[in-house]
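After this come two complexes, each holding chain A, first together with chain B and then together with chain C.
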Partner chain A sequence: MEQKPTVLPKRTELHMARSMCWHCQSEVTGEYFCEQCVKVQPLSKELDYFTCLGLPRLLNIDLEALEAKFYTLSRSFHPDFYHNKTDSEQAISLGNSALLNIAYRTLKDPIQRAEYLLKLEAGSAKDIRTSPPADLFEEILALQEDLEEYRQAAPSQNQAALEPLKAKLASDREQLEQRQREMELRLADLFNAWDLLHAQAESAPVDDRLRKERETILKGLRELLSNRTYLRNIITDLVAVMA
Partner chain B sequence: MAYSDKVVDHFNNPRNMGSFKKDEDGVGTGIVGAPECGDVMKLQIKVQNDTIVDAKFKTFGCGSAIASSSLATEWLKGKTIEEAQQIKNTDIVQELNLPPVKIHCSVLAEDAIKAALNDYKKKAEDNK
Partner chain C sequence: MARILGIDLGTTNSLIAYMDGKTPRVIAGKQGRAMVPSVVAMTDNGLIVGDPAKEHLVRNPERTIYSVKRFMGKSLADVSDELKYFPYKLHEQGGVIRIQVGEKTYSPPQISAMILKELKLRAEAHLGEDVRGVVITVPAYFNDSQRQATKDAGMIAGLDVLRIINEPTAASLAYGLQQKTQGTIAVYDLGGGTFDISILKLKQGIFEVLATNGNTHLGGDDFDRTIIDLLLHEIRAESGLDLSQYADQMQALRLEAERVKIRLSDDVKTQATIELPEGKGTFRREMTREQLEALVSDLIERTLSPCRLALKDAGLQPSQIDEVVLVGGSTRMPLVRQRVQDLFGKVPHCELNPDEVVALGAAVQADILSGGTQDMLLLDVTPLSLGIETMGGVMSPLIRRNTTIPTSAKEMFTTYVDGQTSVDIHILQGERELAKDNRSLARFQLKVPPLPAGVPRVEVQFLIDANGILNVTAKDVRTNQTQSIEVKPSHGLTDDEVERMIGESFKFAAEDLKARQLIEARTEAEAIRKATEKALGLGGHLIGPEETRAIRASLESLTAASAGEDHRAVRARIADVEKTTHHLAEVLMDTSLKEALQNKKLEELP
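Let's turn to the complex of A and B:
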C-alpha cells in the first residue's frame, strides 16, 4: 500500500504550474502573481484545495476567513478584469477561477471538506480499509421491510390495525435520529483530534505514535462518514413514508 | 442524464425481487453497501450441485443500483459457481449502458455477487 511520506505538509507552499513566470521568465516569488512583471500566474491543476486557498490541512476552518480569502482571490482572478488582457492571461484567469470556485465549494462544507481531506491523506478512500458495517446493513434491511409493509398497508387497512407498526417506526426514527446526533458529536471529536495531530506534527518529529494516531483518525473518519450516509438515507425514507 | 431503457425496464419490472431464508441449505447471502451514496444491496443465491438454481435481491438505492442487482440475479440463474465468479461490473455497465457517475452501482452488484458466493462457500465448508 502506498504511504504518503509525511503526516502533513510542514507549511503551505503554493505550487505554481511552473516555478518560472510564463511571461518574463523570472523566478516566481509572489503568491499568485509574478513580482517582476505583475502577470497573473497559473495555479497548478494538481494544487490541492487547501493550498489553493492558503490554508493548512485542518478540519476546523474559520468560515469567515475562508470566505474573505475566497472573495479576495476571486477578485484577483476574475475574468472580467482580464477581458482586455492577452489571451494567455485570459486563459489563466479562467483556469484559476474555476479551480478556486471548486476549492471554495468543497472546503466550505464540513462533510465535503472531510471527504476531500480523506482523499488527499489516504490516497483513494479505499486505501484505508474499513469493514462494512454488517450490523447496520441488517438493521437497515429489516427497517426497510417494515417500511415496505407500512407503505403497502397504509392506504387500504383501517388505521387502528396499523397503529402498532406506526408506533414502532416512530420510535425507530427517534432512535436513529439520536444516533445521528451522536455521530455528529463524534465527527466533531475527530475533527479536533486531526487538528491536534496537525499541530503536534508541526512541532515534533513524526514518529510511529503519530503515524499510528493519524491512521486511527483517518479510519475513524472514513467509517463515520459512510455510516452517516447510510443512516441519513434510511431516516429520509422513514420520514417520507411516515409523512 | 436520462436512464437507459434497460435500466428503466429493470426498475419498473425488477426480476427476482425478494429473499430466501438465510439459514436455508444451499443459500448464500451477500449484503453490501456503497458508502458514497448510502445504497444497500442484498443478493442471495440458492445452489444445488454447484449450480445456481435461483437468485433473489433486495436493493434500497437508486434506479441504477436496482437495475444492476436485478440484472445480476438474472445472469446468475443457471450458472455454476465458477461461472458466476466471472461476472464483472463492466459487463453490467455495458448491458445497462450506465453513465460514468453510476458505475459504482455496478461495482456494488459485483461485490454483492462475490459476497453471496463467499457466504455460500463458507457455509458449505462449515457443513463438511
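Let's turn to the complex of A and C:
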C-alpha cells in the first residue's frame, strides 16, 4: 500500500476516498454508513490507521480512548452483525473488520505505532541494521568475544570453571539492558517532540524551521528504532546462549 | 430468521444447545443425558451413534469408531505413534486419513458428520422444527486444515455451518453471560483429546481474546494410555499374555483405565479389574491416586508451557489474571486443578458444568449471529502464524499468531524468468523458521501473463475470516483483473469429494433412520422389561395370579418383537406392556405413597 506523506497535516480530517454510496448512489455524508439507505460503506484502501481510528497523527496515544474507539467500530463492522445482510454488505464488513483489527494492533503497540508513522511520514519503514550502531560498538565487540569464549568452553568444562565467564556475561547483559532503558527514554523524548511539533503546526503557519525540525525528529526516530531492534536481538541471543 | 444452534463436537462427547429466550440450554436425549458419546458403530443392522454405540466398543471393536476428532485434518504420519491404541485400520489417501471399516473406508469428516446428524435429529425431535444453521466449536489451537475438516463434516451432515468458534472462547461467552464479569480471564480447557488455553479481556460485552495456545493432541485419552501401558505391562509380567493382540480386550482395558482414572478424581484409591482371555481368569490391581498422579504428572506439565507462552504473548504476568475458568472433563482431576492454581496463584472457577459450558457458549454465539443477543461480541485471534514458503525453503510469515480475526495480508508476486506463465505458492502455518517444520496448508498456482522477468505483478490477498479459515484471492495489478485460484489443500478433502460425500450421506440417511428407530425401540423395550421385572418383584403379591400371568405374557411378546427387525412391532408391544402393567403401577404407587407418608409422620415426631 502506497502512502502519501503529509507535509504536516493542518488538521486530521476524516477523508473517505469515496463520496458516493455503493448502494443508493447518494452522496455519503455519514462517517461509516450511508445516511440515506443506512448501508455500511467500505473503508477506503488508502485510509491510514490513525484516521481509521479517528486519531490525530500523534505518537503519544490515550490507550483507553483507542480501545473504546476500537470496540465501537468493531460493533459497527464485525461480520457477526452482518449475518442476515446481503453478500455485498458481508464482504464490506469483512474487509472493514480486517482493516480495523490491523490498525488497532499497530497503533496499540508504541514501537509498531512509531514504525508505522515513519512509513506514513517518511515513505519507508525502518532500516534493517546489520552492523552495530556506533555508540554501542565497543560494548558489542566485548560481548561477542565473551560469548565466543563461552560457546567454546561450555560443552567441555565443569560448571565451576565456567562461573567467572558466566558472571562476565551477566554483567555484559546488565550493561546492555541499561542501554536499552536509555533508548526507551530517548524514544519517549522523541515522541513528545513529535507531538509538540504537531501542535505547533496546527496553530501556526508551517515554516522552514518547523520543516527542518520535522526532518530531524523523523531521522532520530528511524535511527533509534533500528538501534533498538539490533540491541534487542543481541540480548535475545545472549539469553538463549546462557539458558 | 431460522433458529441457529450451537454444537460442541468433542473428542469424547458431543452436545447440542439452543437459546431459550436469554438462556442457553443443552438438549438431552430420551435417557435424559445431554452428552452424546462421540462414538459411531457400524453394525450389521446399520449405523449407531452415541451411548448405544459405546456398547459396541468391546463387542465390535474393529467396526466402532471413537476419538475421530484426533484425526481431523491430519495425515497418517501425524498420528503414527498412537496407531497402536486404535483397533480400527487407518490408511491415507490424498493427504487425508481414511478409516477402514469392513469393505468401506470413511474420512474423519464423514464419521464426524454421523455424530453431527445424531445431534441434529435430537434437536429436531426436541424443538419440533428443522435444524440447518449451526455454530460448531473447535479447539482454539486447531489449524486451518482441522477447521476446514470440521466445516466439511457439517456440510456432509446436511448442516449449514454458519460459524466455527473456538471452544475456550465459547466457554467464556457462557461464563461471561452468567457471571457478568469484567477483567482478564484465562480459560483452561482440557478435554478428551485436546488442550487449549485462551486469555481474554472482558469489557462492556466485548470478549477480546488477547492470546491463545494449546496442543491439539493432548487430553484425557493420553492419561488413559499411561494406565493402559502400565496394566499391559503388568499383565504380561504376571500371566504372559500380550493383551494388545486382542482387540476386544484392549477396548475393555481402555474403558477400565478411564473408569479407574475417573474414580481416582474422587477417591484416593480404587481397584482395576480386567477379565483375561484364554481362561487366564481375572487381573486385579489396586491403584492409588498418588500412583496415577505420578503417571500423568508429565502430561499435565505439558499443558503449562502453552499457558506461559499465552501469558507472554498477551503481555501479562500470571498475577494479572483476574479469574481462571476450567473447562473440559479432565479438569476434574485434582492434580490438574492444583497445577493450574499454582501457575496462576488463584483458585480456579469451576461452578459451570465443564462438560456443557462449551455447547452453551456455542448457543450464545448462534444467538448473536441470528440477531438475538446484541450486546455481546467475540473478537477472537488466529492461533498460528500464517506464511508462505520462500527461496531456500524458508517460511516468510504474513500474519502473526494471535492477530485478531478477521485479518488480511497482501503480497506482491512477480516472475524470475522471461515468459514464465505461473508462480507456485505454498501456504504454511506454524512458528518455525523452515518451511518443512511448519504445517503445509495448501498449494496453488498463480497464472501470470508471459512477459519479461519481473514485469508481471500479481497481488495475492490472504484473508483469515471470522472462522479462522483462510481465503485466498489474487489480482493482476496491471490489468486490475481478479483471478480465481484453485487451492489444493495438503490435508483436506477436495470440493468434489465433499460433494460426493454429501450425496452418499443422503442415500444412507433413510437406511440409517430405520436402523436407528429399531435400536431406540429395542433400548426402550429393554428398559421397560427391567422396570416391569422389578415391579413384579416388589408388588407381585399385591395383584392376582391372573394379572401376573398376563404381564408375563406381554413381556414375552415384547422380547420376541425385540428380536425382530420391525421397530413398529416393538413399539406396539411396549404400549401393550404399559397397558397391562397399568394397574400394578397404581398399586405400587399407592403403597409407596403410604409408606412415604408414614415415614414422614415418623420423622415429624418430636
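Some points to look at:
The rule is simple: the second predicted complex is superposed on the first by the 208 of 243 C-alpha atoms of A that agree within 3 Å, B and C clash if a C-alpha of one lies under 4 Å from a C-alpha of the other, contacts with A are read in each partner's own complex, and residues count from 1 in each chain.
Keep this in mind: a residue touches a chain if its C-beta (ideal position, glycine included) is under 8 Å from a C-beta of that chain, and two chains touch if they have at least 3 such contacts.
Since the model is a prediction, treat every value here as computed from it, not as a measurement.
Of the two partner chains placed by superposition, only chain B is touched by A:R232; chain C is not. By the touch criterion stated above, A:D189 is placed in contact with neither chain B nor chain C.
After overlaying the two complexes on the shared chain, residue contacts for A:S74 are found with chain C alone; chain B is out of touch. Across the interface of their complex, chain C is touched by residues 1, 67, 71, 74-75, 78-81, 83-84, 94-95, 97-98, 101-102, 104-105 of chain A. On the side of chain C, the complex with chain A involves touching residues 1, 162-163, 203-204, 206, 365, 368-371, 374, 377-379, 403-408, 410, 463, 465-466. Across the complex, chain A meets chain B through its residues 125, 132-134, 137-138, 140-141, 144, 222, 225-226, 229-230, 232-234, 237.
Against chain A, in their complex, chain B makes its touches with residues 31-33, 35-40, 42, 58, 60.
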